[in-house]
């Protein structure tokens, strides 16, 4: 299916917002979205969520004869697939430019930087070596697939354990995980890609673009670094004109971000190791939060509560008393309420009118967070109301 | 490749060059009579051939044409005899697709495509002998071919590779230096404005050395642009001598 | 028994600038990116662009200045049509009420159904039946000669064949040369005294055909005679074709006089020898000399 193009007014809006240093989701220019890394029950399986972008990576291994030109080294094979479930624009078996670019960048980031010791993958020189296969599947596309894929790949590689082998003469015995503990791969360093999107002929840049920002971008600069401040690969694409200072500045920003992300990966790996050792439940099923069908899943969004009381008081003092006195909410049914009467229905149809309860204006000093459910803010408008009104966004 | 020093103590490289010396560049334009523009370029032992057709009406699917700009169509391929071992798949594999994509994006930025709405410009580049710096040779050859075809461009696009060995940046790497495992950076530059059209780097490099490396590559590109300039001017003079009214 | 000719690669001889008689100094040659002038009083023409108040060249060629207009003419370019040019083109598509004609320009030219003469020479409004019968007039692959009527806003040319001298071309030889070496003249249809006729299209397509014996009432230019052409005529046309290729290789401007002189200079050689580089040079030298005498 062809990709629906972004409308001109959306494009203009995005570019205007970027000029004023604002982003759609309220982030700052150099902020990443929330990164969540979870591991599966098998070693070497990892899901990374970067905001709403979701990427799954699986590492597997196999004994194969080595390449003729390198008889003592193991083989690494990378494959990235854009699954059609990620976006309606992705068609199966179609070699699009995006696919080529992502694959090549992943290869360059992980293979050329020599982050894995391939010599240790050799079993019998010239005859049998381990071939490590890294498969990355994109499950949901909301921008910045490159970073998510690289984080997933390196986390999965760090998590992976290969079976132990014993060599007796010409016989190779491969032990199953029950017989002997599998061995982790020897990873020298963790290269992570950081993407910078350029807009308006290179005058503005953003880190971690979301999908809509990606559509209006002029070009992309991907820098892969590790936490020792070594650059593993740089790739500019999209035909933008860069200046040398821009590149140097981006590399500095990248080093900061990479160290943060490496921290996160290490923490996730630690957690997983701890849980497995303690015998607790691990795997994907445990990491998904319990969801009921009737409610939407929303993440906790931090709300700026620093000087809420003062701002609220100011607003209250500044505003005049409302001309109309709004009646207290009337309970229509459990879980819903109605404030006011609303305008007279002019369509002649029988519609239930359920107005959204108004939040931050006149009654804000009653704001209290009651329950710790996963919905955003639970607001009690009126102390007389027995039930709490949930802020559900109605479409 | 242990034992082969990329930079000897006296400062000489494997082929006898100094650290910042470029390889010999020779080029000729208008090698094909039937194409709109063509060029042949040799950079040391790397030989590249570029042919440009266009601008012409979009053949194939009408939907590919853009209403306000020309579409640039690029194809990069390496001859099967270009490398030491015979290449099985000259084009269609991932590396060639990526190179074609980068060439396309580089030239989309340099060519004034707004002057040719609904047209298509085809650029075909072939490497006849690969000895390091394949992408750079392609970009340089394609620039000459575009100039030969009379397609308006902002400026020349010059490309060169640079490497880093023991704190010294090396300019214009040959195959042995590239595959030795050290750092290699490929840079495409518009010399007059200093804008970088494409930047590509592989292998590990500490962040502090990045500045020096980019500087070395930019200087090499500027030197290369002078050579290309000479070639074009000479061709111009020859032809203008022939066509006098 | 056919003969095989072998040739070893020879060093490309650069044309020495001193050999030219024209003044080289007054030619201002530029390459893309060269600043032509920083004076803002000039208007910019083709081949240039404004780069922060500086007029910069975008193609490689000669700077032409007409009063306040500066443009750069590139050496080689696709054909840029002007109204009134004679062009030769090939039909590529038959669409509703028009044909698409390929004319070596950056977009295919358009020949509207209302711009052609109906067979039989009638003058009437084109009906739906005419539209359905378009393929009977001109099909894909036919060669036509036409004149440029107007230019669309995106640069595509609109052609017309509303005169008896234009129309579908029959038997003959097509030679492709660069548009920049065809000289602009009053008429592009010539009947050469050597026994053939030539149409010099401004778009670089040149058509050689045997001079039609007698003009029978042209059925609107669609009648193409399929009578066999005599050997003498064919030899003349082949020789002319090789001469044209020789002139094009040495970038001599093509017009009826230059073609004629070249033909006469080549009479001493065999037709197939004209394409050999040494003989080509000889012929061209002689042609150039005669042209200079003729003008001088």
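First chain written, first letter: the chains are A, B and C, and each begins at residue 1.
We adopt the following convention: a residue touches a chain if its C-beta (ideal position, glycine included) is under 8 Å from a C-beta of that chain, and two chains touch if they have at least 3 such contacts.
Given the structure is predicted, the values throughout are model-derived calculations rather than measurements.
**Student:** Of the chains present, which has its C-alpha mean closest to the combined C-alpha mean?
**Tutor:** B
**Student:** So which chain is the furthest away from chain C, centre to centre on CA atoms?
**Tutor:** Using the mean of the C-alpha atoms as each chain's centre, the farthest one from chain C is A.
**Student:** Please tell me the distance, in whole Å, between the geometric centres of chain A and chain B computed from their C-alpha atoms.
**Tutor:** That gives a centre separation of 37 Å.
**Student:** Would you kindly tell me how far, in whole Å, the mean C-alpha position of chain C lies from that of chain A?
**Tutor:** 60
**Student:** Taking each chain's centre as the mean of its CA atoms, how far is chain B from chain C in angstrom?
**Tutor:** 34
**Student:** Show the residues in chain B shared as contacts by 2 or more other chains, in ascending order.
**Tutor:** In chain B, residues 190 touch at least two other chains, as defined above.
**Student:** Given the complex with chain B, which residues does chain A contribute to the contact?
**Tutor:** 95, 97, 100-101, 103-104, 108, 112-114, 219, 221, 225, 229-244, 247-248, 251-252, 255
**Student:** Applying the document's contact rule, which stretches of chain B touch chain A when the two form their complex?
**Tutor:** Touching chain A: residues 94-95, 97-98, 101-102, 105-109, 181, 185, 190, 193-208, 210-211, 214-215, 218 of chain B.
**Student:** Show me the residue ranges of chain C that touch chain B in the complex, using the header's touch definition.
**Tutor:** Within the complex, chain C contacts chain B at residues 12, 14-15, 17, 19-22, 24, 27, 29, 31-33, 47, 49, 51, 56, 58-62, 74-78, 102, 106-108, 154-155, 176, 180-181, 249-253.
**Student:** Taking the touch rule as given, give the residues of chain B at its contact with chain C in the complex, in rising order.
**Tutor:** Contacts found on chain B: 28, 30, 33-34, 36-37, 54-57, 112, 116-119, 147-156, 190-192, 229, 232-234, 236-245.
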